[in-house]
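Heads up, the next two complexes both have chain A, just with different partners, chain B and then chain C.
Showing the complex of A and B:
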């Protein structure tokens, strides 16, 4: 009850803006906070990092200062971008494979109780396996080409999609389904009009996780075997103890990961809007 | 043998010392486990041994203080010092790290020049990888003519055994023994055979530790070299001790054979004039200078400061144990089994 009482005076005593003065920055600041706050936090962390490395005289091979990482990033950026191409392509291939496979399997286990009982516990069990330990086996099974990396990344990123999509398909509103059926809609129509749109938030939340997992999977794959890629380049730099270059490669990797994650979020927004217009 | 127990410097209280290997517990590290079981405890040291993840990772672990001492191969140690890590080698334990290029016995690759146009797998974090350009130059091979594949150490020997690649770069000591213990024979073209002298394992610590606690450094060095001498004279007993210390090595015949081959191949690299003439643990300044030249030329930016030899190694605790000619003859007879892999 306290919350109800306290809400009243807050609305009533809204701070009055003095006439003639420009709008106070308060509300604008609070709107910009999600952007400014993390940037400021990052800036402070980088500054502290730079100072600590200088004061404690930590060798650059152990922990390079941010300024040196920035310099190395600028110096080797063309090489990093060259290696970013195969990593990005493999990640996208793995993501699309995992998404298609994950949604497909989720549909199957949604419509077949027999297959659900057969597969779902095993999927959960597989999800618990530390998959990194299996990475070398993909090289044994599929060779040292990109197929082993894509297959491993697909394997790693498949589970979030299938679990989320299965939950999304199962948690659809029963009344909407009943309404559809009462209007003699076919099972396909029920799926496309009700079940799939209702499951979209869950599917996309699984796909967002899958996108980041696909990048991680490809990098792990490149650690196991590769002839190009950011994972390959990180290992190459580590063979020469070029720690600042490793950080620069990780930065590029982060940018790619964020961009790909953003692309999935954007796709989600577009798909939801397209369904909203119907 | 004059390898009687060395005088023991006073380490006042029994103390735990964190020690890292350069790699997994295998035949070439038997002496570290023998040291823990036999020679460290009387010196009041309880050696806590951790597996390693490559010499460069060991060097970084020691430099950051995660470990007080550890094994680092000489070339990566020199690279670490050139990169400003405050490390120093207290002893050199063998005189050929066995860096090289390996191919299967039935491979058409018979000489280094045959590698042109072939697919070669390497572990980029492995110590020999950065020195391949030097090897290629020495043998007159165009390194760009080779298709390199980076692989993880877990699959290195396997991709060769399955013929997914034509050859691998590695430390023959580890890779040849891994394959041989599985019945697969390989041939090795060592960097040392091309004139690249590269010492093997060194016992490394921080320079600060040497300055502030020389007694501990001496105790660790003496304990390890005494254990090393024991493994040279008593390989069977040493392997038994090793199996007790690392029980998984006794689980199957393949593991036992792997340890035996690894120990033999490693001792092949101790049977060298450096150890014969100067005693165990001695570091050859000329070899360190040559390796430093390679590091500066192939791995450092032009104009980078060259580390002083005194900053890389010390012979202060070395050469206390000298084996006699009959003992070296016994060792030679025993390790000649591995000549064909390591010559």
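Showing the complex of A and C:
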């Protein structure tokens, strides 16, 4: 019980942190502060949550106390993990196809002024459409299988990669490109040796956004049509008024999201290091 | 001015460069410049900032096209960059993720020559410029002067016959700049390349060069072609000599003249003006 109790606050409650934080400004604590402060904040929020729910007698269907969520999480964890698999796999697939497609389109845009003028304004304009509204279309086009969810999630997460990669490729130090040209480097060499490495930080920042967008896209897809997956399970639990289970599923979803995001951040760090050493 | 030397290794004949941005008024950056350089000579091109001397150098390196006239190096017309020409730019343009040694070896990688054959040469060059202990340091760990030294090594590593230098030390402080000039002369004497060195520093030009060409402000033409009589090796101390200062004074006058003359003179688009001193 204590194990999940301490694990819950960090991620599940993080966005709901209130402004009133305990003041932790002592000079001795300043080093540990980045770790301790958010943990303590979350713990306090959970405690207040637990107390408020009890004192105001809020029914568990409306807002279950954290302790009950922890218990439910432990109880339905095998089921949740079962549903986590398709959600994770679909998200990863969408992320990889969005990254490849995004970088590919960005390369095309970078090297063909004609295609750039043709595509770029439309891409930016497309960004402004609430893409979530297009989710049902993908079901119409691709059916209710996982391909429609992957396609939709790809579609949602593709834009940040294109935009940031295109900006990254365009912002390469032109003196470095001039150096390449003076050495009679081919266009491909200029790209692999200079342009791509220079653009990597921008590409990765796009990919990090894409990763979170991919999870969102898959969950929305699962809301619309699915027989498995965490989105499906959340919908199922809500139809049975199992609010604590919804929260438990949300927690698992958060863990997955953090893990996937962390994986991209780790990949970025590894790439950065390999470039640092070579 | 009469041409010194028998051989015309670098030949610049009636070269003009006109920039035309859309329908806007054309800007003549270089106007009918002619000179030749025999093999092994160190020529400084002296002129005020933004007078088009960099444009001239970039045309010599094949990085800019000529609007009129023609340029030949080694008897062959210059149209695209060549590996027998090494260019040093105003900034060192090092790749931030590569060590000093790898930056020096960068041209070898681009030219797809065997790295192992050049590695010792690259080390030797770095030792030569006093960077023995810094071979594996990244550019951000080096000072400005050190970075420019790495850039010199990078230009020399693939053994080009002609060195084109575009104010390579203009971003350095005066003391470092003197050091770099001494180092450059030292290296140049050892490897004896033909060199064109663009600068707006009169003392730098006189100290380094066998011959100084004075260029006017836009549109750039050559108004003076002066042979510097000092024997080599040249110690830093010649900068204190009366003769050195007399030459500097004379050049300063010519640069000043050209400035006042150029003020009453607007760019004439579309028409190449015959250079007064060609």
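Remarks
Here is the rule we go by: the second predicted complex is superposed on the first by the 248 of 278 C-alpha atoms of A that agree within 3 Å, B and C clash if a C-alpha of one lies under 4 Å from a C-alpha of the other, contacts with A are read in each partner's own complex, and residues count from 1 in each chain.
One rule holds for everything that comes next: a residue touches a chain if its C-beta (ideal position, glycine included) is under 8 Å from a C-beta of that chain, and two chains touch if they have at least 3 such contacts.
Just so we're clear, the structure is a prediction, and the values are computed from it rather than from any experiment.
Placing chain B and chain C on a common chain A by superposition gives a fit, with no clash between them.
Once the two structures are overlaid, the count of chain A residues touched is higher for B than for its counterpart among chain B and chain C. Of the two partner chains, chain C is the only one touched by A:173; chain B is not. Within the superposed three-chain model, A:239 lies in touch with chain B and out of touch with chain C [touch as defined at top].
Within the superposed three-chain model, A:143 lies in touch with chain B and out of touch with chain C [touch as defined at top].
Look at A:70: by the touch rule set out above, it reaches neither chain B nor chain C. Of the two partner chains placed by superposition, only chain B is touched by A:224; chain C is not.
In the superposed model, A:62 makes contact with chain B only, not with chain C.
Our summary of the superposed model lists a minimum C-alpha distance of 50 Å between chain B and chain C. For chain B in complex with chain A, the touching residues are 56, 60, 63-64, 79-80, 83-86, 121, 124-126, 129-130, 147-152, 154-155, 158-159, 162, 164-165, 299. Per the touch definition, chain A reaches chain B in the complex via residues 59-62, 135-136, 139-140, 143-144, 222-227, 232, 235-236, 238-241.
Against chain A, in their complex, chain C makes its touches with residues 61-63, 80-83, 85-87, 89, 91, 93, 95, 97-98, 102, 106-107, 109-111, 138.
Remark: chain A residues 173, 175-176, 178-185, 189, 193-194, 197, 275-276, 278 touch chain C in the complex.
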